[in-house]
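Structures follow.
In what comes next, chain A is part of two complexes: it sits with chain B in the first one and with chain C in the second one.
Moving on, here comes the complex of A and B:
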C-alpha cells in the first residue's frame, strides 16, 4: 500500500512532503489561535478543491454549483444532530447518501441529455440556486432566518459530537485533507483514473475505445459530491450556523474552485498550494490593511481580484506545474 | 375582476422582462460571436445602474435620456476589456476564461463598494408614480417607457447586424472564424466591437433598471444568473430569442410572485431553466446546432 503510494514520487518530493506534514502536525504548539483558524480555512479549501478537482481536473466536467453538496451535507448532519442528537460521524453517512443521490440525479440528467461544457456548468448553477431558494422557504430548518447548532462550552473538546476548540477542528481538517489527497492519488493511478483522464482529453475517442463514458462521468460526479458533502459537515459544525444565502450561495461554489485552478488543475498538490496561496494572500491583505489603518470595505477584494487576474494571465496552467519544474521535484521517470 | 389582476401583473412582467431581455441580449451577442461567456455581465449592469444613479443625483439627468451616454461609456469599457484582457484567452479552455471574468467581476463589484458604500441607491423621477389607464389595464409609466426603450435599442442593434457592412462582417466572424481571417477581416477588432456592443446593451438596460429597482454593489451575480437563464431559455446566440426569453421569464416570475410568494419566484425561473436545458438545449427560439 505504502509502496504503491510512493510510486512516481521522486525522493526529493517525498522528503519535502514528509517534512511539510510533520510541520503541520506540530504547528498547533507554535501557532496562536488566529494562525490556527487561518490554517483551518486553508485545509477547508484544500479539501473542497481536491473534491472538485475530481470532476473538473480529472474528468473535465466544469461544475459551478458545488455549493449544493456543501449545503446538503451541512443541513443533513446539522438537522440530525440538533433534532435527534445523532453524532455527525453517523450523520455523515446520511449526508453522503443524500448528496450521492443528488449528484447522481444531476449527473444522470446532464449526461443522459448530453448537456456539456458551458451548458453543464450553468445546469449545476441552476440546481444550486434552486436549492438555495428552496431552503430559504423550508421553515422546518428555519428558512432564511437560518439554522443554529447548539453551542457547547469551549473548555473541552468532544470529538464524537464535534463540539469544541479550534485545535480539534485543525486536526480534523488536516486529516480530511490528507485523506482526500491519498484517495485522489489512489484513484488517479488506477484504471478508473485513466478512464477519467481519457474522457477529459477526448470524450469521443474514449467512447471509441470502449469506455462507458456515461458511467465513469457519473462516478466522478458521485465521488466528488460525496467528498464535498463532508466539507459541508465540517462547515456546519465549525461555524455552528447555517443560512441558505450563505451555504448555497454561488460565491461558495466559486470560492471553492479558485484554489485548484490557481494551484494547478488536475494535479494532486495544486489545490493545496492554491489554498495556501489564496487564503494566505487574503489574510495578509487583511492584516496589512488593518496595520496601515485603511478601513475601506472592498479594497482587499479588489486587490485579490487583480492578483487572480495576473496569475490566470501569466500562469494559465496554475502555479504548481510551474513551481514543480522550478524546484526540480519531478522524478526520473518524467 | 380577478382576471384583471392577472392581466395587470402579466403586462408589468412583460415590460420588466423586456428590460431584462435587453441586458441578456448583450450576453447573447457576446457569446454568439466570441464564444466567451461573460461572467461579469451582472457586475457591468450594476456599474451602469450606478452611473445612472450618480448622473441623476448630481445633475438631475433623467436615466431614460442618459441611457445613450451610459451605453457609450459601457461600449468603451467592453471594447477595451475584450481588446486587451479577453482576446488572449479566446482559444484557452472555458474554465480559464471563467476565472478571468470572475476576477473582473470581483474587481468591479468591490470597486463599486469602495466608491459608493454598501447602501442601496435609487432614482426617484417626477413620473415615478404616474400610470396609464388602457381599458382595464393600469400600466406603470416608468415600466412602459423602459419597455419601449428596450425594444428600440434591440431593434437598432438588430438593424445594425442585418443592414450594415460592419454588422455583416461580425456575423461572418461568428459563422466561420478561420474563413473570416482568410478573407482579411480584422477579427480581434471585430470581436472587440462586438463585446463593446454587448456591453452597450448592458449600459442601456442598466440605466433603465435603475428606474425600476434599487442598486447595491453585490447585486451583480443575480443579474448574471438572470441573464443566463433568459438567453438559454430564448436560445444562446439568438437575438430575438433573448428578448422573447426576457418577456417569458418576466411574465412567469411576475405570475409566480402573485400565485405563490414573491421571494420564491426564482425557483420557478430555475426550474424552467433546468427543463429547457434538458429537453430543448438550443432554447425555445434557437436553431439546432
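Moving on, here comes the complex of A and C:
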C-alpha cells in the first residue's frame, strides 16, 4: 500500500509533502484562533476542491451545482443528530447514501440522454436550485428560517458528537484533506483513473478503446457526490446553522470550484495550493484594506477579482503545473 | 479459412441521402481486406457501422458468428474490433505511453500489466523512445502510429484502419505497410482498411472492395480491380473512358 502510494512521487516531492504535513500538524501550537479558523477554511476548500476535481479535473464533467451535495450532507446529519441524537460519524453513512442516490439520479439523467458540456453544467445548477427552493419550504427542518444545531460553551471537545473547540475541527479538516488526497492519488493511478482521463480527453475515442463511458462518468459523479457530502457534514457541525438560501446557493457551488481551477485542474496538489492562495489572498486583502482605512463597499471583491483574472490569464493551466515544473518535481499528476 | 466478419445487406440513410446501400461482403480470418472508392462513397459510414458508432437501418453485421449490429462502440471493442479514426484522435494531454495504457487496460485490470503490454506495442511501432512525450506534441506520422498502437493494445481480432496512410510521405507509407504486414503475418491479425493511397493498397491487400454511391461495384484481387471498367469510370467519370 505504502509502496503504491510512493509510486509516481519523486523523493523531493515526498520530502516536501512530509515536511508540509508536519508543519500543519504542529501549527495549532503556534497559531492564534484567527489563523486557525483561516486554516480550517483553507482545508474546507482544499477538500471540496479535491472532490469536485474528480468530476471536472479527472473526468471533464463540469458541475456547477455541487452545493446540492454539501446541503444534503449537512441537513441529513444535522437532522439525525438534533432529532435522534445520532452521531455525525454514523449520520455520515446516511449522508453518503442520500447524496449517492442524488448524484446517481442527476448523472443517470444527464449521461443517459447525452447531456454534456454547458448543458450538463446548467442541469447541475437546476438541481441545486430545486433543492434550495425545496428546503425553503420544508417546515420539518425549519424552512427558510433555518435549522440550528444545539450549541453550548464547550470546555472539552467531544469528537464523537463533533461538539467542541476549533482545534478539533482543525484536525478533522486536516485529516479529511489528507484522506481526500490519498484517495484521489490511489484512484487516479488505477484503471478507473486512466479511464476517467481518457473520457476527459476525448469521449468518442475512449468509447472506441472499449470504455463504457456512461458507467465511468456515473462512478465519477457518485464518488464526487459522496466526498462532497462529508464536507457538508463538516459545514453543519462547524457552523451549527443551516439556511437553504446559504448552503444550497450557487455561490457555494462557485466558491468551491475556484481553488482547483486556480491551483490546477486535474492535479492532486492544485486544489490544495489554490485553497491556500485564494483564502490567503482574501484574508490579506481584508486586513490590508482595513489597515489602509479603505472603506469602499466591494473594494475587496474587485481586488480579488483582478487577482483571479491575472493569474488565470498568465497561467491558464493553474499555478501548480507551472510551479512544479519550476521546482523540478517529477510525477504524472502530482 | 473461416469467415471472421460477415456483412449482409447493410444500409444507412442520412435523411434523404443513402450513404450505404445494401452492401454485402465477407472478410476471412487472417485476411487484409481493403475498401476503396471515391470521396463520399460511404466508406467511413460503413466503418462507423461496423465499429458501432451508427446502427445500420437494415441488414446484419456478424463477427465470429455473433451478430454485432446495434451494439455500442465499447461493446464492439470488447468483442475484438480495434479501430483508428480518419482524423487522428489521441488523448492530447496524456503521454504517449498513457494513451496506450488506457487501451491496454481493456482486458487487463492492473496498471503495471497494462504498462508492460503498452511497452511491447510501442516498441513494435517505433514509438517506445517517445513514450514520455505528450501526445499533442507528436508529428503526424507519429500520431498515426499512436492511433494504431492504441487500437492494437486492445488485443483486437479485427483491426479497422480508416486512412492511416493519409498525409504520410512515401517512405512513411512504406514503413506503415511493413508494420501492418508484420502484424498480419506474426499474429494472424485480420485487417480491414479504407485507403486512398493505392501504393499501400496494392502492397497490402489480398482483396479489394470498391464502393461507389454506397454500393459495391467491384470486388477481387487488387490488380484485377484497378483494371475494372466500372471502377475507372467511378473515379474519372464515364465520359473520359
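Here is the rule we use: the second predicted complex is superposed on the first by the 330 of 334 C-alpha atoms of A that agree within 3 Å, B and C clash if a C-alpha of one lies under 4 Å from a C-alpha of the other, contacts with A are read in each partner's own complex, and residues count from 1 in each chain.
Everything that follows uses one rule, which is that a residue touches a chain if its C-beta (ideal position, glycine included) is under 8 Å from a C-beta of that chain, and two chains touch if they have at least 3 such contacts.
This one's a predicted model, so the numbers in the text were calculated from it and none came from an experiment.
Determine, under the contact definition given at the top, whether A:195 touches first (chain B), second (chain C), both, or neither.
second
If we overlay the two complexes on their shared chain A, which of chain B and chain C does A:208 touch? Say first, second, both or neither.
Once the two structures are laid over each other on A, A:208 reaches chain C alone.
Once the structures are superposed on A, label A:72 by its partner contacts, choosing first (chain B), second (chain C), both or neither.
neither
Based on the superposed arrangement, let me know which partner A:41 touches: chain B (first), chain C (second), both, or neither?
After superposing on A, A:41 lies clear of both chain B and chain C.
For A:94, select first, second, both or neither according to whether it touches chain B, chain C, the two together, or no partner.
neither
Quick one: is A:62 in contact with chain B, with chain C, with both, or with neither? Answer first, second, both or neither.
first
Let me check the overlay on chain A: which residues of chain A are in contact with chain B and also with chain C?
On chain A, no residue contacts both chain B in one structure and chain C in the other.
Within the complex, which stretch of chain B touches chain A?
37, 85, 88, 92, 94-96, 98-100, 102-107, 109-114, 117-118, 217, 221, 225, 228-229, 232, 261, 263-264, 266-267, 270-271, 273-274, 277-279, 281
Would you pull the chain A residues touching chain C in the complex into a rising list?
189-191, 194-195, 197-198, 201-202, 204-213, 332
Looking at the complex, which residues from chain A come into contact with chain B?
Against chain B, chain A makes touches at 56, 62, 64, 109, 113-115, 117-119, 121-123, 125-127, 129-130, 133-134, 136-137, 144, 250-251, 254, 257-258, 261, 265, 296-302, 304-306, 308-309, 312-313, 316.
Spell out the part of chain C that touches chain A in their complex, as residue ranges.
51, 53, 72-74, 77-78, 82-83, 85, 89-95, 98, 101-103, 105-106, 109-111, 114, 150-151, 153-154
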